[in-house]
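Common to both upcoming complexes is chain A, partnered first by chain B, then by chain C.
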Partner chain A sequence: MMKHVLVAWMSVLALAQEPWLIDQASQMGLTFTHTNGMTGEWTILETMGSGCAFIDYDRDGDLDVYLVQGAKIGSGTMLFPPKSPLSDRLFRNDLDGATGKVSFVDVTQKSGISAAGYGMGAVVDDFDRDGWPDLYVTNYGPNQLWRNLGNGTFEDVTERTKSGDDRWSVAALFVDINNDTLPDLLITNYVEFTLENHRICPTKSGSKGYCGPSLYPDARDRLLINKGGTFEDVSQKLTEFGSALGAIALDADRDNRLDLYIANDGDPNILWLNPNNGVLVNRALEWGCAVNSRGAPEASMGVACEDSDGDGDLDIIVTHLSSETHTLYSQQKGYFEDQTLSTGIAASSRRATGFGVNWIDVDRDGWLDLFIANGNVYAIEELQRVNDPYPLHQPNHFFQNKGSGKYVDASQVAIEPFSEVSRGSAAGDFDNDGDIDLLVTNNNGPVRLLVNRHPNQYAWIGIALCEESAWYVMHAELIVTTASGRKLLRRAHSVSSYASSEDPRVLFGLGEEHGPVQLEVRYSDGVVEQFGPLTPNRYHSLVRGKGTTE
Partner chain B sequence: MIAFALLAFQVPKPDLSPLKPVLQAHIIEAQHAVIAALDQATPEIQAEAIGGLGLIYHAHSFRIEAEQAYQIASQTTPHPWSYYLGMIAVETGHLDEAVGYFKTAIESELSHSFASVRLGYVFLDLNRPEDAARAFRQAEKINDAFTLFGLGRAEADMGHFDEAIDLMSKALALQPDATTIHYPLGLAYRRAGNIEKAREHLSQRGDIPISFPDPFLARISAITTTSSLMVVVAMAQEEPRLNVRDFEGYIHAHLAGKQGTVKYLSDAYDFHEKKGTLTDNARAYLHFAMGILSEGHRQLDDAIEHYRQAFRFDNELMASLYSQARIFAKTGEKKREKEVYDVILNTWPRETDARLDRAQVSAELGLMESAIEDLETLLEYAPETHMARLRLAQLQESSHSEDALRAYEQLLSVEIPKDQQLACLAGAARLELRRNQPDQAIGYLKRAWLMAPNDPAIGLQLAAIMATADRYADAIKIYNSVIELDDQLELAHFGRYAAAILLDDSAQALSFLEQSRKALPSQRRLAQLMLRFGLRHPGSLNIGELLALSRAQVDTEHGIAEEELHAMTLALSGAYEQAASRQAALIDAVRSTDDRILVSRLYGNLVRYQQSQPPVVPDDLAFLLPP
Partner chain C sequence: MIICWWFLCQQTLKTPLVEPSLSQLHPAIQSGLAEMAERVKSSLDHNDPAAAEQLGFLGMAYHAMELEEAALAAYENAHDLDPTDMRWPYYACLLYRIRGELNRAVGLYHSLLEKYPEDAWIWMRLGQIHLDGGDANLALECFEKATSLLPNQAAAWFGLAQAHGVLEHPELAVQSYLAALELQPQASTVHYPLAQAYRKLGKTDEANAHLLKRGDGKIQIPDPHLSDLNDTVTTMAVQVTLAMAMADVFVPKDFEAFVVAGLTERSGIVEYLIATANQWHAQGASKQAARLHYAAALIYQSRQEPQLSSEQDRQACNYDPDLVPACLRHAQWLAQSGESDEALRLANRLIDAHPTDITLLNARAKMYQYLDQVQAEIQDLDRILKLDSEHVWAHEQMGSALLKQGNKQSANIYLEQALDLYTDPNDRIRVLELLIENLVSLQRFDEALRFQQQALTLQPESSAQHYRMGSLLGTLRRYDEAAAAMRAAQALSPDQPDAFLGESVALILDEQWLEATRVLDRSLEKWPAHTRLQLIRARIQIACPDSTLRNIPNAFLTVSHMLQKNASPTVRETYAFALAGQGLFAQAAEEMTNLINSTENQTQKTVWQQIYQSFATQSPYEELPTKWFVQP
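Showing the complex of A and B:
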């Protein structure tokens, strides 16, 4: 008896000690190491890559993975030479529905994707509305638009569709700007860096170090209107720009047209309001989301948008450098307010540089937690002093939402203590078990697939909301109402975080409620539709127009 | 004595090995001074010595050791060392610890208003506005903009927007240039419901901070400035041919980042000169640093003057001479560049880089004998200088081709950098071509192409030589690879087209031509090349097509080359009279130019047209070889 009690107690202890998110990438065949191509020249480029994407490219119902790779920089010898030729990789998810066992297979060659540029990010959307998710890859150098042919292969249609950009692009976003149902393309570009204007900024100890983006001219962003096969360049509408690294779309002014929010590194962020006259107007400063509450522009990297405090409107979080805080802009009476200090994320965030950021309900309690992928951009003197060959690594952060958007730093219990140079991060339920998992990429390091092992057994509901004969609905707001009247707002999206694309389905944790729920969908064009009642603990495939409209 | 031994043992000593030796020496000297002081001094002086060492560590980002030193010092005299401990805690994001340190600093020295202000800002960052307001009020007698602004922010965070507006407005009145005040003031107005005033201030948001002279932090800044100059000197001594970008970034980061650029150094120079505290060494390195910044700002005359002054005050500062030479090289002033190398070599006759560079400049000035003499001298005292051997071979290609080829072969058998290997292979190929050995030349260039498959210039040369050797199909393959690398290379487009024509594959030629027309934004050069080729190979285009092309070119481009080619085409078509007339007009137009070769060639063909003879057309494939 005593022995049984001991074993049971030990297993409880083990459970208590096991992090909520556990890396299973290599066990599941997701073997990929990012190479930043550094040759000892301390270029800003090598610190910035790269992102990742969840993409169910074969539409077999489980999320496949696209990983963005770097390339050699300049003509020197790489300090961390790769073991195989460098190019982006596509991994197919062979999820066994019966056993739940996941294994990934590298299908890059079969897919026809050949992306060997210096990769930065991956954007997933169905630009041609044929129902198959396509892929836009941003690079330092020419970007590529890969059209999904629906047979497991892709075709490079960059030139044909006039969707290219040869500059240093990091974030991009498909978004229907003109409400014609076709996704237009926003490409945000970082800085005009070349090997010729490259500079080295020594540290205080006289060692060589990285320079920041302010030494280089900002690169202009690009806006392309989808004309149904080709894109038309209307970038002249974007009259302001900065060192852009992140972009999301939301209808900030509730005029049933999507607006654009652009996170700039060191420059004020931009909120392009999109009124119905074709002229974009930057209102970020007036709306309170350009700079922090002290009026200082920060080094914005990743960006995410959700209802973090459960008050029924969308908030924005932007990740920043160590010594700055990440900044949480909460919507209040039509404006945004920097609420960082009152949320509880400030203290920890000052100690690390954040890139990827995900609002995810890991414990399914109905409150969105925060994962931040960290990794510095300047050499950390303490690491440099012990001759660390790449002294930028830092542990990631996990902030648990204890309700109403009040967070506690739960990194020690939630995630494994990897100290890496993390960059991209994408949330997705890749094993279709109803809890959210995370894909995290590391600059000059291995990919991590963080599997959700949180012990909570709370109910959940998954929504796969599609357009008729097309891919998932994007940029809609989904509001679930539980039996007790609790309302949960989530945003249907793909692009988020840093240079990454997430699960286009929407997952709700329902806390202790187990009954059926009602779903209201507010589409970006203003149409509102009701679905339900919907049973928890399963995914529901819904089609726009098949619900009830008011 | 025991206390001394204990203290001496406790003096923190970071690993200085990553630092420049000059900084290591500076810090080690400071450590020795501290240990010496511990032996003799009172506890207060000991604390000052260890705390002072902490400042040095702090200035060099040895935060852990700085913190240890401050801790030891603060045990005896909490003021000012607790203050510095608080600053380190703020810098590392440990705000709760900072609160404790600043409180200790305030308790230890009640008039320590700076600690109160810092504490107030820490409380603001900890979202404790009531505590922040209390801390600011403790320091309020300073009544400066920084404190008033902090207090205003605290009031705003507590929801007292009218008070916040009042305090921040006062701060703005004290420092109207501090544009950072506008945004929080605008937010306070918005929260108070005054949207118009809110918009007014939000739109004036800026990045100019509120000035808050802090004598405690000034001690650290002074150390940083001194160290920065020491590092600049050290780096310049290590690498006289310095990369300006390294230094410029360095100086920006540590000397002039906040204050401006050259002006900051120049003000510092004037200030210390007036005080009589400048040594010649300091003068030299301040000028040197100003030279680097001026050069970075493209103020080249100023840069030259600063570099000259630097050398005047320190005639060992070779880097300032190299810097001048680099500027003259950029501006193309070769004679002045050579004069600088003369100065270097007069002082340091065995300075390899200067001798190599002088040889290069001499060659460019046409002083071949001087160039060869420099290289031979260099090889006498530094026979392993492969670059010198390579340059000598290049200079001797015309006069001593056998020696040059042998030198290239010898260099290729030793370990030399890739760019030098490529230069040897290209040189050897040139020599083999001159000896009419195209297969050998192709062999060399193939090796080069294998080494640098992404270098279109090498591919272009290889393809052109293959075409010269009648290996048209091979040439087309290489041209295709080159175009894949860079589809804007007109020579590659045309070479591919010409090779297809010579291969007698007109369908492929037309297809290539179509691709080229799509790829190239301007057709001018392509058309010129086609005409020249067509004139030499009448089979490639019929005379009607040639005439149409040349007429179109003349009509659209109005250039000398187009006119000349059109006259040639007319002559080939038998329209000698028209050709002669156009040629005569062209000669009138270009007679005043200095291009005697052109005028003489035009005359030659004019005479031929007048005698109803076809024109002399330049060699057909030679022009395909890039220079």
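Showing the complex of A and C:
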């Protein structure tokens, strides 16, 4: 009897202590280790990669995974030699719908994808509107556009479509800039780094260390207009640029045309407003999202955009270096305001360098929590002193939204205490169980698949919103209204965070409300459509044009 | 060694000391820290009252090296041994803030405030911690106290403004930001949050005005409590600098990076480096002394004091003529200061010693360019291109130098090479403009047009590029297209009259008199006093083949008015035509006589004499061989 009590107590204790997000990557067959290719030369390149993507490439209803790989840098010997040849990998998700059991299978070879460049990021969208998600891979070096042929294989159409870029690209984004329904392509580039202009920067104690981006010229960003088969370069419209690492699209000025927000590392961020005359205008300073509340630009890395405070408009968060805070630009009556200091994320965020960032409702209470993938870019003296071979690792952060955008640092209860050099992070419900999970990549480390085990039994609703005979709707705003009148705004998107692509479906936590909800969709071209009533605790496949419009 | 004293110390200290691994540190730092640790051990062994101070200094040294755990342990022990010294808890709090351990910092600051309630800097630091923690009300109280204690300290007002901002008190935030700016006008970043606060108040004009004033100047925080810590940071950096300068193998790039990053901001450092350099030189270590002078030069340069920087480069180069970066920088300074002979002598010596160093050849080519010694510049550029055939700057400069020499055909070849090699659109535009100008002067208009099309592709929103395109198309007699290009230029810069003038000229040359008249009339509504627009309009009214568009009395009136303000030859010639148009041929002939007598230009004289003959004999003037419009 005593033994049974003890076992019961142990399991209660274990449950109480179990983090909300638990890594199950290797158990599910997602075995992948990123290699940064470092050869002891302390290049800035080796510190920056790489991202990841959720992509349901076979359209079987569950999210597959694409992981971006590094490559050898220079001619020396790699300090962390890989166990197999280096290239990006595509893993198919063989989710068993009956049991919920997930297993991943490496299908890279079958898929025809051959991406062996120095990979940085992965962008998922249906650029040719054939209903199959395609893949754009950003690299240090030539980028690649992989067209999904719909039979489990991909074709490299970079040259044919004129969508390449040979510079150091990190973030890219498909976005319909000219409202012709075809997704155009924004490629943001980092710096003009080469092995020839590479520099080593000494640390405070005089030992070798990494240099920041300011030593290298900024690389120009690129904008390509989709002409239905090929892209036309209109990059001259982007008259300003910085060391770009992140990009998102939103209709900031509510003119029914998507605008672009670009996060720059050390330079002011850019907000390209996109009026109807084809001339993009950077209004980040005037709109309050270029620099922080002290007036200073910061080392912007990843970026995410959602309604964090539940006030019905989209906010932006940008991750930064340790000693800076991450910055939360809250939208206020048509402009943004740095509200970092009032949200509760400032103190903890000074401790680490953030890259990936995800606004996710892990506990399904209707308030978006915040996950931040951390890992330094400069050698951490205390790690270097103990001969750590790659002294950049730091624990990740999880901030729980306690309501109205007020956060508490819940890292200790929410996530496992890995100390890694995390970079990309993508949110998605890969096991289709109605709660949000996370895919996190580590520079020179293993991929993590953080499965949501939060004990809350709150209701949820998932929306898979598609175009007729095409892929998911992107960049729309979805507003769910519950029976009690509570309104929840979420953004349909793929690209977010750092060099990563997320679940294109939209998941709402509904808290304790279990009744049907109404859905309003505001498309990026200004059309508004209503759906509902919709039953909670399941996904709904909706098609644009099948709802009711006013 | 460290391990020994560490174990011994555990017996006498409350907080266990943290033993940092020093093996990866620069040897100079390792030995410095080891010596300090030895002193601590010895003091503790002998119950020396100086032990607290020495532990604190060891903490500062660890702090300077970013060894946080070790620094905190040292500070805590120092504080235990001597609770009256405020430095150690104060410095520990800085680390607690970095580590996000706000509660520990708050506790320590409060204990300090019990002893020093009137210390504004502690209040400011505590306020900052509360801001980080999201406790804006508590932060507000701290900054209010700080501003009352130190009303002339901008950092206190800035903190107060930030707290008001978080608490949604925009009016009070504005007042506090303005107070900070009044005390530190150079802190131009402050204009940005000030603009934000104004916007919250709905004061858009004020917000926009301050946005325009935003710069990179940050609020300075001259916290006197940090002086010891700053000195320690400097000392450690200096130790590394001296060790690097002393080393057998000297790597200028590493040295430069360390000096600029580690020492630029430190006061008194240059003087120390120069004094040490003098000592070393006196002891016969001239090469090493030269490196310290070079370090001083780099620091002066970062502080934007070029003359002082050059003096240090000169000294460095004197002590070690093989210290290439210092000697080269000195040569460049001499060239800029007009001492060209000395500059070139120095550059020649360096290049003789390093004949394949492209940086040196590049620098000398620039000196020749500055001195307008084109042939010598070309020779250096040629040497660079033989060493590196894709040296894009050398290609561009070679093109420019050959243009200066008048060798336009060869210049084109180099400029086209530069164009192929450049990837940055701004560079490409610069080269394209040179190329186009050169091809136009060679009358190779078709080629010029091809390059102009490239320029337009790079800058489709540039009015100037459309205007140049229009001019070239006009020269090629593609008048319709020229007029269209001019219209595109007008759309992009509607406030510039040149493109309107250009369109009217293209239309006139295309004999679209009515269209040209409409453009001129519209333009004159916007710029009624524009001389060239008025003159072209007047000439159409005087001599247009389409007689329905003539209006000689009106033209006469216009030109008579213009003549009163501007008696230029073109206006006077047009006036003569207007007189003839009125039938006043004698006066017209007299005006032409005056013009003929006013010029020495034979071609002009001949043309005007023909006009004179026509007026004198009262012949029809429409057939005269003169341009009857005025080229823009």
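Note that in this section the second predicted complex is superposed on the first by the 540 of 550 C-alpha atoms of A that agree within 3 Å, B and C clash if a C-alpha of one lies under 4 Å from a C-alpha of the other, contacts with A are read in each partner's own complex, and residues count from 1 in each chain.
Note that in this section a residue touches a chain if its C-beta (ideal position, glycine included) is under 8 Å from a C-beta of that chain, and two chains touch if they have at least 3 such contacts.
What you see is a predicted model; the values in this text were computed from it and never measured.
Colleague: Overlaying the two complexes on chain A, which is it for chain B and chain C: clash or fit?
Modeller: Aligned on chain A, chain B and chain C clash with each other.
Colleague: Let me test your reading of the model: by the given contact rule, A:Gln236 touches which partner, first (chain B), second (chain C), both or neither?
Modeller: Second partner only.
Colleague: In the superposed arrangement, which partner chain does A:Arg220 touch: chain B (first), chain C (second), both, or neither?
Modeller: It touches chain C, and chain B stays clear.
Colleague: Classify the contacts of A:His198 with the two partner chains as first (chain B alone), second (chain C alone), both, or neither.
Modeller: A:His198 contacts chain B only, not chain C.
Colleague: Let me test your reading of the model: by the given contact rule, A:Val279 touches which partner, first (chain B), second (chain C), both or neither?
Modeller: Second partner only.
Colleague: Given the touch rule stated above, what does A:Pro395 touch, chain B (first), chain C (second), both, or neither?
Modeller: A:Pro395 sits against neither chain B nor chain C.
Colleague: State whether A:Gly70 touches chain B only (first), chain C only (second), both chains, or neither.
Modeller: Touch partners of A:Gly70: none, neither chain B nor chain C.
Colleague: Kindly list the residues of chain A that each of chain B and chain C touches, one partner per complex.
Modeller: 199-202, 204-207, 211, 285-286, 288, 291, 293-296, 322-323, 335, 341-342, 346-347, 350-351, 381-382, 384-387.
Colleague: Give every residue of chain A touching chain B within the complex, in rising order.
Modeller: So the residues of chain A touching chain B come out as 75, 198-208, 211, 215, 268, 285-286, 288, 290-291, 293-297, 322-323, 335, 341-342, 346-347, 350-351, 381-382, 384-387.
Colleague: Quick check on the complex: what are the chain A residues that touch chain C?
Modeller: Residues 199-202, 204-207, 211, 220, 236-237, 239, 279, 285-286, 288, 291, 293-296, 322-323, 325, 332, 335, 337-339, 341-344, 346-348, 350-351, 380-382, 384-387, 406, 409 of chain A touch chain C in their complex.
Colleague: Inside the complex, what are the residues of chain B that reach chain A?
Modeller: 14-15, 18-20, 23, 59-64, 91-93, 95-96, 124-127, 153, 157, 180-184, 187, 190, 199, 202-203, 205, 207, 224, 227, 231, 234-235, 243, 245-246, 248-250, 252-254, 418
Colleague: Provide the residue numbers of chain C that touch chain A in the complex, in ascending order.
Modeller: 20-26, 28-29, 64-69, 97-100, 102, 131-134, 136, 162, 165-166, 188-193, 196, 199-200, 208, 211, 214, 218-219, 233, 236-237, 240, 243-244, 253-254, 257-258, 261-262, 424-425, 457-461
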